[in-house]
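Following are the structures in question.
In the two complexes that follow, chain A is the common piece, with chain B as its partner first and chain C second.
Presenting the complex of A and B:
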């Protein structure tokens, strides 16, 4: 389980408890500190090396268990626990920055794709074609191909 | 025995409301920030902590660049960010520009890694007919893209050369009314090349690309003739030199007009990487594209004999990349193709629209493949899976399915969803997302799942590995000399056709 306490203004120090039995290691996380998206994101990065199990240990408490796919040792399992903890820090940042900047991203993406200056090239081409007088077409190559009018070779 | 303990984690101070949207990762002892627009910036760990805490403000030496690149909210020009993002993604909605045409499945080679599922030379039933070829041109020119590239593949496409000749001529005629920019490129093993065909290709500006896997002992081991242990190295070398000489005789700039070559990396290639690069340099080839094996076609049966895993490929790639960089420092003009794609995304405001490394992938929306029998696929890989007996990715038939129908096809939509990095686990937060692309059909071949699990996909290891190598080297580039080399790799000069007869029938 996690014990957390505010240290300096805005900063947080947390202690994550781990347990290993020589074949797998489990970390217990407090969801109020580690949102589920951060837990999923961190755990996902281990799926190439480990079998990953998530379980609900109590109200807002989640256990992440990693079982390496190959040989393992206590030292390797403890290193895995440290790696997961570091990744949790990164993932919490990503989630919080993502939440805070979501509207900015949505704004510039909307401006990029849906403002008037992004009129599709299809519309532009159609407008040009409407204004264009096509020349004589003895070979009938303007006939839309899907009508079957341009067959033969 | 059970052990337990605690890990003490100090969470950084975070003033998220001071920040712009960004992704981050740690590379070369620094923190790399990347933006949707492709902008990136290295910070020391100390400055990164200050950025997170909202303490990297006016007066800090990093502040102006971070504002300009959209990493800090105060002073951010959201309209400019939108414009940069629009430019990066301007290919969205343009429609397919790459039209892969399988003129035949017949081939006289039995390459150990053949992805194309070739057939024997007597299988004329796998030749495309002129009627189908005509429908291909009609369909391709229906694409809304103002730029159309026909790429002739096989089998060995020149075995059915009449179809190529017809498509070049017919598309030229038809394009008088469409006014698109139309290019033709031929991917050939050179074994059925003749001077007559060669002169016609030159006169009609058909671009040439061949397979050259390295020096004779490597190339011939990878690419033997059917039913023989003899390879095709001598023929390939002869024709590369013949074409390149003819380009010069025609007054073409050899920097722009020359035979391009592709290599495929087998176990044999890895052992001989330096010889391969030296050979390309000696032939004046300016772009070597170090490609790993793809999980399609015959390679699925021969992998144990010739294949290499991704860590082995990336070790080879790193050595080869550093050697190519060193050659550039000595004044040799050669670039590595994968690196050039990533660098264009990293160092310029544009995106090369390489259909296999973009989000979403270009299958069906940037590329269409036409099988010899008139069936349409979203990509050549979809066609290759069909050739292995699985028609799942067939979109329909020429004459029955319009290009618009193909672009909107549920299969194409599925592939777009499966390759949209913003919605994929790990990719959505990965620092490499602005430069990367996933390959749903590779995922499908490996796990029967278009999405795949990113940490388990070799393409993720390849793309992240390449981008990491490039950023590591840029981080160490204290005098800007590497940046100047890399900038050169991003420049694409347009080919201009020399005056002369347009056709030579």
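Presenting the complex of A and C:
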């Protein structure tokens, strides 16, 4: 950070502290809360508008520094910090959903790749559909209302 | 004009840095010293037309390349399901 401009500090939430000096804003993030995948994902979305720089501020602490490519003001920098914090939350959620659904995605991929050709053929699927249609309808749900005598009006 | 830059190895892909260097041959001479935790880059003979934003632009470029390579390696590990 530059020494020439007065720095403003704040906290968006307890876990995210920021500091801005009029030309750039820096957020310090705890990797145990914001995994690197989330930090990379969020930072990546800002490279079209900002110059982004990552630095290690200690064990499991990462500083993300944003310097807008265009004009910057104190208010704009603070808004940018808020936007990054929101995006970090999105990315954390994305990472968590990715982790929690990994097994099922891998299962479907394995099924798609390793099922035999007869199991996945279109003929097989059509035959299954035909069988379902011909199966006995014990509840008579499929009986048209005109002939079902349900007295629907 | 000269500039210095330190990229932490845990955050930036060292191979991506090395692979990008030829693209900047026309605008600066970049020397890389590989320390244990950091890549220390020295920019010399910087083209005055690009001098003000060269290092910032280089950082963005390395970050994008690092993220892209990381995603590719994760996709490979998980069989493309990511």
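Details
The definition used in the following text is that the second predicted complex is superposed on the first by the 102 of 153 C-alpha atoms of A that agree within 3 Å, B and C clash if a C-alpha of one lies under 4 Å from a C-alpha of the other, contacts with A are read in each partner's own complex, and residues count from 1 in each chain.
Following the convention adopted for this analysis, a residue touches a chain if its C-beta (ideal position, glycine included) is under 8 Å from a C-beta of that chain, and two chains touch if they have at least 3 such contacts.
Predicted model only: the values in this text are computed from it and were never measured.
Looking at the shared chain after the overlay, A:54 reaches chain C, while chain B stays out of its contact range.
Looking at the shared chain after the overlay, A:109 reaches both chain B and chain C. In the superposition on chain A, A:92 makes contact with chain B only, not with chain C. Counting the residues of chain A touched by each of chain B and chain C gives the higher count for B.
With both structures placed on the common chain, the touch criterion links A:79 to neither chain B nor chain C. Touch criterion met: A:67 reaches chain C, while chain B stays clear of it.
Shared-chain residue A:40: touches chain B and chain C both. Judged by the document's definition of touching, chain A residues 40-41, 44, 47, 98, 102, 105, 109 lie at the interface with chain B and also at the interface with chain C. On the side of chain C, the complex with chain A involves touching residues 6, 8, 10-12, 37, 53, 56-57, 59-60, 63-64, 66-67, 70, 78-82. Against chain A, the residues of chain B that register as touching in their complex are 1-17, 19-24, 36, 52-53, 73, 76, 78-79, 81-83, 85-86, 89, 92-95, 129-131, 133-135, 138-139, 142, 144-146, 166, 170, 173-174, 176-177, 398-402, 425-426, 429, 453-456. Remark: chain A residues 3, 7-22, 27, 33, 40-41, 44-49, 74, 78, 81-82, 85, 88-94, 96-102, 104-105, 107-109, 111-113, 115, 117-118, 120-122, 125, 134-135, 137, 139, 141-142, 144-146, 148, 150-153 touch chain B in the complex. The touching residues of chain A, when paired with chain C in their complex, are 36-37, 40-41, 43-44, 47, 51-56, 62, 67, 98, 102, 105-106, 109.
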